[in-house]
Amino acid sequence: MSQQFSRRDFLKLAGLGAATTAVLTGCGPSSRYVKREPYQQMPEYNAIGQSTYYATTCRECAAGCGLILRTFQGRALKVEGNANHPLNLGKTCARGQATLQGLYNPDRVTDPVKRASRGSDSTQPMDWDTAVQTVADALTNYKPNEIAFLMGTAPDHLFDLVTDLANAAGMNAPIRFGALSMFEARATLSKAAESLFGQAGMPSFDLGGADVVVSFGANFLETWLSPVSYTREYARMRRGNPKQRGYFIQFESRMSQTASKADEWIPLRPGTEGLVALALGRLVAEAKGGSLPRAFSGVDPAEVAAAADVSLETLEHVAHMIVSAHTPIAVPGGSALGQSNGQTVAEAVLALNALVENVGKSGGVFLSPLSPNQDAYHQPASAKEMQDFVNQMASGKFKVLFIHGVNPVFELPKSIDFKGALSGVEQVISFATFPDETALEADYVFPDHQGLESWGYQRVVTGTSQQVISGAQPVVTPYFNTRATADVLIAAAQLAGGKFAATLPFKDEVEFLNSKVSALMGEADGSFTAPDPVTFMAYFQQYGGWWNKSDVRVSAGNSNPLNRNIAGIEADFVGSGEYFFLPFVSPSLAETGANKPTLQELPDPTTTVMWNTWIEMNPETAKELGIENDDVVKVVSDTGEVEASVYLYPAIRPDVIAMPFGQGHTAYGQFAAGRGVNPSDLLGAHFNEAGDLAFAGTKVTIQKTGKKRQLSRKEGLIGVYEFRPE
Amino acid sequence: MTSLAKPLARPHAEEHEDPREHLMHDPLPRGKMNEMVMEAMHETNWKFWVVTGILAVLVATCLGYAWYYLIDKGLGVAGVNMPVFWGIFLVDVVFWIGISHAGTFISAILRVLKVESRRPFTRAAELMTTFGLVQAAISVFMHMGRVWLSYWMAPIPNERMIWPDFHSPLMWDFMAISTYLLCSTMYLFLPLIPDMAMARDRSTGWRKTLYKILGLGFRGTEGEWKNLTTAMNLFAFAIIPVMFSVHTIVSWDFAMASRPGWSSTVFGPYFVIGALHSGMAAVAIVLFLLRSTMKHYKYFIRPEHFDTIGMLMLLVSMAWAYFYFNDYIVPWYGGDVWDKLFQEWAEKGPLWYLWYTMLFCNIVVPWSILWNKKWRRTPWLLASAGILINVGMWLERYIIIPEGLTINRMPFTWRLYIPGVEIALTVGMFALFLLLYMLASRVIPLIPVWEVQEGQEAHLLRKIGKAEIPTLSELE
Amino acid sequence: MIKKFFAWLKQPLGLIAVGIVFLALFSAAVYGIYTTQQSPEQPIQFPHKTHVAFGIQCLYCHPGANKGPAAGLPSQTKCWGCHNQIVKTRDSALLAPLKDAVLSGQSIQWVPVAMVPDFVQFNHRAHIAAGKNCEDCHGDLSQMTIYENPQVLNMGWCINCHKQSAGDDQALLTKLTDCGTCHY
Amino acid sequence: MSTNLELPMFTNNSEAELGGRWGMVIDKDLCTGCQACVAACSMENNVPFVGEEDAGYGRSMQWIRIERLWEGLDGDYREVKMTDYQPLMCQQCHNAPCEPVCPVYASVHSMSEDLNLQVYNRCVGTRYCANNCPYQARVFNWRDYADYRETNTADNDPRWSVFQNQLNPDVTVRRRGVMEKCTFCIQRIHQAENQAKAEGREVRDGEFTTACAQACPANAIVFGRIDDPESMVSLAAETSRGSRLHEELRTMPRVTYLAGGA
């Protein structure tokens, strides 16, 4: 008996042992479910198991940073900066890093579709031949002046193509717009430069060479113009000179991310930035001696200090800093320009630069050089021009509207009723990659490739003193059934025949690109030379663009910019509320980030809030109103109201309410839709002298709702605000 | 302790009391007593099954399903987060190990010190040890992110050259708990043998088979008794250091970590005392429950036993208070900023009431009730105090673990802990404990009948003669 | 009932039943391991031994082995490049899947055999550089048609070889037994 | 069945070799808090996103977080100052408190690279290492955040798995119940070392860098060999502005923070 038992035991043990071994060895029959596919034909520049790197250009904003994409077996894996690219020197911002999530995103428009009715989700997939035919029909069935193009600020090659097409066929000139250009007040800046220096262009600020930076609301570390290059220049200002660390003063009513890096953050009353700049100019001019320039003669620093709620000592101290500095620089930007007197502010601040004689010098202001294949500076449409455009749409002037790369339904203030005006347009064709709010209002969506699947180039407008045209090439084959808009237009133009076909006599987008770029082959100063156009284009893609080697600092044409009046008017504010409303662009979401989950989950640098919209409010104000953290309040302006949770932000003036722009989508994919609110709903159609939206020129009231909604914060409230270790 | 050890050594001081109040002085025939115990084990009314059913459902849902859900979805369904990586699971571990302490303490220490009044309730306490440890082990496993790999903590020889890390306090914990579980189960089993033999002779059917196996063929010969007594004495002495070490090691999980509020040298004895504090209280509760639900147990469990436990509770409570304030004052005086912040946070943070409740339950309640002999001898009052003390001790662990983890050296990360599925699992564990206890009450005699009889006989002997005849246990 | 069952188990018949149950479990486990070590069903029953017999080097078809982590599969055009020129194979029924794949532009779906789990970062190049030959791990391919693993590719096997390779060189042993060498 | 306990990885780290191997210098004066490093790290290391609710509850998985605190909160709003942004990742301590507490050697010191390793496939999820990390640099996979399989979808959208195209094949995708943390981009270290070995040379300074340092627009992060006194990271760490976090704990971190203006 015992013998039998032991045999049973043996069997039992053996069975258990075998089963355990099977589990533990990780033999995983799962290997049987995996299939491996060899290359049909191995690309010759590929090596098995090795990553391939492609140079291209980032399309998350219009700055035009050069990227190097790591790809592996046909998939794009990682965004890295192009170290040779003069704009970003191998660096990227968070949005650039996340551009892969725009490429591999489940919510993309996968096929060309016809929408059942505007605004509805139900669509009918089409094939590309029909789609191209639709575009061709739209081009031929309407009079040229009934056709309009609305385009985003990127990419430039498509804009050039459409411009050529429009010019040749007599269509309306394409108009470009973007939320960033609206909140950057680009038009204001370039017009101020023109009026002061006598030459239009985008001023560039050489922070890296300066030792004292006085910024008036410029959020150059966040989204302003070219954040990567300005961040690099900021670092150079701080530590570039081993002997002296640059000093940075920021005038802003709220401590933005940029202001948080300032040595001195001087909160002033919104709308008084121009006055403060003029007062500083007067104090500096007086300290320097000599005759007082006309530009600064009209202000009284003491009055300005009172109006701006800043002590006169502070102003004198800043003036002293400027006077004793070697290369001081003053930077206007952000909310300072988004006032009813934005252009005056810009002029006053630029005049300050003229006063310290840094225009065109290292560490000073210069006009950004034009791109190599560009003859004049084209700024994107200001909000005023957009309003005119919308009015024309509403009046039925346009029968066909092509939209590419921009989402005006979301970005433009509700008071400029883009969505409503679309009803005046018979046919709306969108080339959106993503089903955004505007694509939802279009009759057809013919999806363009995502930026990483596209050819193209982007002109670098500002941020470097070199002339740069940044090249883009597809790093992966298109993931979905999309087609390059340039290809669609070229094909449609061929179908349409006549002038259209004559203007675009190209086989495809690449040929068009060659025609635009290979003209640079002859330039002697270029970053590379090539004996023939084919080699040139190969280099162009390989290096990620073309740029000239030497610096081109365009300095002012006007010899004496200070001999003029700058009216130091205070800004007007619209609305009956008691709080200044200050929208700012979320650094991580900006125009195009909201559909990318990684960007949604990036904490805001100053508040560390993720995934949602918050309302910044000074704790004092909140105490008066009986509001606590995470209470939902209603912000009401003359033109709209939004509800969001409150963040008690200690570094904001008590009379200012701030809100980030970037959330509040009603479409644009599962990660963006229904999340947060859009502060541009609160903005009225108020413009500054240059036609830019006076986005910071609104006053609002705050109403409690009694609701509470927890904000997702990276920080712990307890350690940061409540039980703080000393 | 010596005064406790001889409650009957000075009977004349309490002459006004009815001597029959003491179990040892109120003997019944052996056969009758055996019958009483067997009857209590056999006779089960519908209320018992209703309660068992409810508990079983609770265990199946709150423990079984909830745990499945936890494993399937990951620990995200629990409330743990960054920085509170350890939540209620670990609170439960420490709590149940604490509960399990009293069983051994009462049984082994009182056996070693020959305290007569221990006799009827050692079994109940020892059973608590074993079942408490089962709960503790379950809690540890529930806490793990990948419980299906928990066998990696065991030193299994393998060809990968990987061992568990014996530097890790968790490893010591693992070892200590398994040792303690093994020892305490054996220590539970040894005194059970004569009772199993007794039950074997008085039952039929499957019970007979069961008791036959468990009784190990014990027949009560002189040699068997001798061996059994030797074994029990050996175990009683040996298990005491094991018991102390286990909870000391549990405290090292915390004391060895470099966290503010945890890295304290007093944690070893402090945790042992804390364990006894909650364990004593739990014994009081269990005795009250047994006495009020089991047939005939009012005979075995009497106010005098509650009196003994009540005195122990008071003593332990005072010791606990001493250690607690020792642990409190040293960092307060020492001046480490993080330690101080933790104290401030516990007292003034959003969970301040937990801190005050803990002090109330652990100090005010025992000190205000247990000094009075009459109150001590009131079973329900003692049981209520026991419940409060257990609440207090649970909160004490809650303050140490989740609240302590909130405060670390990176203030940016400080965040509150909101329990999730842990609550259900904790309820399920309590239900499992009760269920195990109730089922055990149907199969094993919860009164060590032979020990009671042994004591009574010794006292009978003593009463017959006029001369001072020493008690049996003093003879040993 | 239970008692009866246990009593029955002690009878010879019961013991046989117990034996059968355990044998079944045991053979299931053995079969489980066995299947994982067998060559699976492949789209083309690729005869390694024929190719080796022709004198084709491993690296000709798996050129990644000395360059990077993966040895790689030959692209279909590479296969077809040879087979297209050999009349016998050009029209062979056995190679019809290859021909179809090449002509239609579809990929052949090979089933990987020598696989390590996702959490193991294996690099062929380092092993080739250390002087290992293909057959040291993959066995003698001149005897195989479809590839099958000559041994269980598990961690014990890896470590064993690593230890032997290090020999008395402590620094190398450190490197080769470092968890971070393979797991990250 | 060899169980040799005398292997190097089981021996305790002595203070004899304090030199270290890989190190990082972070200039807090330059860090603008732009989160580019966080995004770059997430993209390189397959760090998943966790959604609004979990992120708000302290469960976001990012291996770097950028901390900032406030100064002067009790005074007037004009006096409020934000402290410097402090990017915080695993400090790769030489005497790492996370290592001895792991019962299964999942948190283990790499003796060959002098880094702290987290061996995902060994981790059983006791989370003791995270408790004992004075820097709170460890993150835990509370759920199957990175599970983009088609059968396990967000809102049962089969296209969910589109995201997995971007996963880096050089880095393990972690499942639920596993601790993880910054690895100093060990996959890049290995790649560079393999390349250097194949070419018969040492790894050159600046030949490769971590994803965060690579992305940082302000060049606030410098990574490299700290056993080479001439490397950029050694030179940067030498300055008087350098300090390490919680030096009083003697953890000997490999990350040096530069602070202050001078």
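Before moving on, here are some points about what is shown:
Labels A, B, C and D are assigned to the chains in the order they are written; within every chain, residues are numbered from 1.
We adopt the following convention: contacts are C-beta pairs under 8 Å (C-beta built on N, C-alpha and C of every residue); 3 or more make two chains touch, one makes a residue touch a chain.
Owing to the predicted nature of the structure, the values given are computational and were not obtained by experimental measurement.
Looking at which of A-D and C-D shares more C-beta pairs in contact, the answer is the pair A-D.
Nearest to the global CA centroid, when each chain is reduced to the mean of its CA atoms, is chain D.
Averaging Cα coordinates per chain places subunit A and subunit D 29 Å apart. Between the Cα centres of subunit C and subunit D there is a gap of 35 Å. Each chain gets a centre from the mean of its Cα atoms; for subunit B and subunit C, those two points are 54 Å apart. Centre-to-centre separation of subunit B and subunit D, using mean CA positions: 43 Å. Residues of subunit C in contact with at least two other chains: 69, 117, 155, 163, 177. Contact with two or more other chains is made by residues 715-716, 720, 724 of subunit A.
Shown for subunit D are the residues in touch with two or more other chains, namely 2, 7, 57-58, 65, 67-69, 105, 122. Chain contacts in this assembly form a complete graph, since each chain touches every other chain. Subunit C meets subunit A in the complex at residues 10, 15, 18-19, 22-23, 25-26, 28-30, 32-33, 35-37, 40, 62-64, 67-78, 101-102, 105-113, 115, 117, 124, 152, 154-155. By the touch criterion stated above, subunit B contacts subunit A in their complex at residues 83, 337-338, 341, 344-345, 349, 406-407, 410-416.
Residues of subunit A touching subunit C in their complex: 1, 4, 7-8, 11-12, 14-15, 18-19, 21-22, 25-29, 31-32, 34-42, 47-50. Considering their complex, residues 2, 7-9, 105, 108, 110-113, 115, 117, 119-122, 170-173, 183, 186-187, 190, 194, 197-198 of subunit D touch subunit C. Chain contact summary for the complex, subunit B toward subunit C: residues 158-161, 206, 209.
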